[in-house]
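The following pair of complexes shares a single chain, subunit A, combined with subunit B in the former and subunit C in the latter.
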Partner chain A sequence: MAYEWDWSALWDNLAFLLDGLSLTVLASVVSMAAALVLGLLVALARLSGRWLGAAAQVYIELFRNVPLLVLVLWVFTVLPLLGGFTLSPLMSGTLPLTLKISAFLAEIFRAGITSIATGQTHAALAIGMTRTQVLKRIVLPQAIRRVIPALGSMWVSLFKDTSILSVIGVGELMYQGRIVATDTYRPLEVFTGVAVIYYLLAYPQALGVNWLFAKFQVQE
Partner chain B sequence: MTVDDVLLRAVGLHKHYGALHVLRGIDLTVRRGEVVVVIGPSGSGKSSLLRCLNRLEDPSAGHIYIDGIDIVARSANLPLVRRNIGMVFQHFNLFPHMTALGNVAEGPRTVLRMSRAAAEQRALDLLQKVGLGDKVNVRPAQLSGGQQQRVAIARALAMQPEIMLFDEVTSALDPELVAGVLAVMRRLAEEGMTMVVVTHEMEFARQVGDRIVVFENGVIIEEGKPSEVLRNPRHASTQRFLRSLLKEDRA
Partner chain C sequence: MQPAGYNWDFSAFFKYLPFLLQGLEVTLLVSLLATCVGLVLGLLVALARLSGFPPLRWVAAFYVDFLRSTPLLIQLVWVFFALPILLGYSLPPLVAAVATLGAYSGAYLAEIFRAGIVSIASGQRHAGLALGMTRTQVMRRIILPQAVVRMLPPIASTLITLIKDSSLVSVISVAELMWAAQSLASVTLRPVEILTGTGLLYVAVAYPLSLGVELVRRRYLAT
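Coming up: the complex of A and B.
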């Protein structure tokens, strides 16, 4: 028996699905912004003295190696119990995303910083800069420029990973899709539609990242 | 020689890299306005000495006095010390994300906290002085090696240092670009700048140097007036080294 496709379930609920996009974008932007700051701080910590560097390494390895889904569920269920506070689903969604992405960003920033030749630091120190000035004026501007394409790649994967937040009831695109699929008993059409929406949004971003890679090609 | 004449004095400098003992008790005095040329085979410790003199490297033992102040002391304020010691590197090390003007103005701006206008005016004057007044807004990648090195000299001069250290600054240049850089250095010397120059350019050493210091295996084996050392080296190793340079030139 051939399946009879009925796309009206998708068309009739398209507005409801697209409503979820605002939370998809919000969760992505908030997580990315927080992870950029956190990731840079962790990278600097990782490159600094022994004790701080070791702590940063534990942070990086912990959040890189625990699956995102587990992290999301843990923050949603265990953290409030331990801390004695409640988080909105959006908060408990963006927190694990931030933690996970920041761990990856920390490694990207670290690679960027260490890729800047020591001659740059020597030249800057030689004109009397302090270590902080060397970092701010000489090393970071070059390092960040160098890792911009990698940051773009992280952004695109983060944008898609927000779909995991649907499991804790964040009303983003995937969550809305699950509601529509359940309500209409048409999961095939609805999830196909959701996949196409993600693709249409993510593909131009991926093209943008390719453009970044071309524009910021490392020139020695 | 009065005490006031002495700008830099290194006493009993040692430097170890793990088991490698690259400086083995260096004593060096540089008077104000003097041009000291340091020669010797590669790996003999010349570059390590320069890097110790502005504390890019920490000497393992010994003392360095600049204007009578011990800059190896724990209390030494290194950024303050280094402002006063210009350094030019073999590989230029210009800041690639800044223009030529930005490179030269960076020290005055960030370290001396000068206004943008004043810093850029100083940078412009110096770029003109090194013959690059027309390259102000060009990035290092668009400059030849010789031009980059002249920007690097201007960058060091922008801090108005009392002494300049030159670390094989023409070794990475194509032969036809060497003369322009040496001309700038020669003019600096004529203006009375105190300089310590590590180089293989014997012609420069002979004409511009007030004194030649010969390094071998981390010790100074010979020093004296360029005319004497180059014409009549006392040490067999110096003779060998000078002969090897001559062969290189003919090759």
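Coming up: the complex of A and C.
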């Protein structure tokens, strides 16, 4: 018995799905922006003195090794109980993403910073620049250039990771897809459509990242 | 009004720890089985991507790109809720989970295999062919044995990632660690301790593994 395809379930609800897509993009952008700042701070902390460095290392290993789903549920159910406050769904969605991505970004930034030859730091200190000046004017501009492709990879994986927010009821693409699939009794067409939407968006981004890797390739 | 401080009470967590550890066993089982599926699939796809027959290359490239460009969650939901409609029978959650995680990791492993194979200098391949070995012999006896050693660390990393990602299969109610934690959290009404403890369990498994992989990589494969 052949299955009768009926794509109208997908077309009729496309606007509803694209509504979800805008939230997917919003959650990705907000998390990435916050994670860039936080990740850089954690990387600098990791490279600084003993206690701060150790604390940063715990942060990095903790958030890199906990599954995102655990983080999402933790922020959603546990944090309000501990803190006595409630977060908006979008806020409790972006916070776990930010925590996870910032831990990965911290390692990327650290690798970038340590890859800049120490001779440059010594030279700059020798001509009388302060440590902050050396970092701001010499090391970071070069380090950030080097890690741009890796940041791109993290962005693409973050974009896909936002789908996990559907579990706590954030109305992004995956969540909207599940609603439409249930409402129309057409999971095959709807989920296939949602997967294709993700692919059409993420694949060009992945190609862009490949281009970045080629463009920013470091030659020592 | 909320109380000023939360009264932590881990007794429920420790009381039901065996239940969580059973879930952890399923997590490890699912991850290992999926890695086995992924290794076989990944090797086949990598060889297809390197084959001389263009349509085979295109199909393999599309497979890799599609599975790497879509979230694991949609793949999981698709295999569990949508695929059975095409097949005409429903899949047990465990089978759907292993199949999806296997297909997903297979796409990443295919790229690891391909990079490993390509990294072996082509001079060796030419030399093997010049000696009268067939292409299959060159691949089996010369290229793959060397490539596999180089691929071991990234393969191990894929397995570790899979242990974390497998928490998603709780969504299709496979009774692994995350599923066990969520049921316990609602039964014991102690989500704070149960979820925190579960997070730490994952860290306790994943962190030593990644540390081990890094050590092995540094000691034996430093280039």
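By our rule, the second predicted complex is superposed on the first by the 220 of 220 C-alpha atoms of A that agree within 3 Å, B and C clash if a C-alpha of one lies under 4 Å from a C-alpha of the other, contacts with A are read in each partner's own complex, and residues count from 1 in each chain.
In the analysis below, contacts are C-beta pairs under 8 Å (C-beta built on N, C-alpha and C of every residue); 3 or more make two chains touch, one makes a residue touch a chain.
Values in this document were obtained by computation on a predicted structure and should not be read as measured data.
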Quick one: on subunit A, after the overlay, do subunit B and subunit C clash, or do they fit? Just give me the call. fit
Quick check for you: in the superposed arrangement, does A:V78 touch first (subunit B), second (subunit C), both or neither? second
Is A:L62 touching anything from subunit B or subunit C once the two structures are fitted on A? First, second, both or neither. second
Could you look at A:A54 and tell me whether it touches subunit B, subunit C, both or neither (first, second, both, neither)? neither
Applying the touch criterion given at the start, work out whether A:A33 contacts subunit B, subunit C, both or neither, answering first, second, both or neither. neither
Once the shared chain is lined up, is A:A123 touching subunit B (first), subunit C (second), both, or neither of them? first
Looking at subunit A, does subunit B or subunit C touch a larger number of its residues? C
Which partner does A:R145 reach: the first (subunit B), the second (subunit C), both, or neither? first
Just to be sure I read the superposition right, which of the two partners does A:D161 touch: subunit B = first, subunit C = second, or both, or neither? second
Let me test your reading of the model: by the given contact rule, A:R137 touches which partner, first (subunit B), second (subunit C), both or neither? first
Lowest inter-chain C-alpha distance for subunit C and subunit B in the superposed arrangement, angstrom: 24
Footprint intersection on subunit A (subunit B / subunit C) at none
Across the complex, what residues on subunit C touch subunit A? 2-3, 6, 65-66, 68-75, 77-78, 81-83, 85-86, 88, 164-165, 167-168, 170-171, 178, 181-182, 185, 191-192, 195-196, 198-199, 202-203, 206-207, 210
Which residues, counting only subunit A, touch subunit B once they are in their complex? 117, 119-120, 122-130, 133, 137-138, 141-142, 145, 219
Residue ranges of subunit A in contact with subunit C within the complex: 1, 3, 61-62, 65-71, 73-74, 77-78, 81-82, 84-85, 156, 160-164, 166-167, 174, 177-178, 181, 187-188, 191-192, 194-195, 198-199, 202-203, 206
Applying the document's contact rule, which stretches of subunit B touch subunit A when the two form their complex? 54, 56, 78-80, 82-83, 85-87, 89, 91, 93-97, 106-107, 110-111, 141, 152, 155-156, 158-159
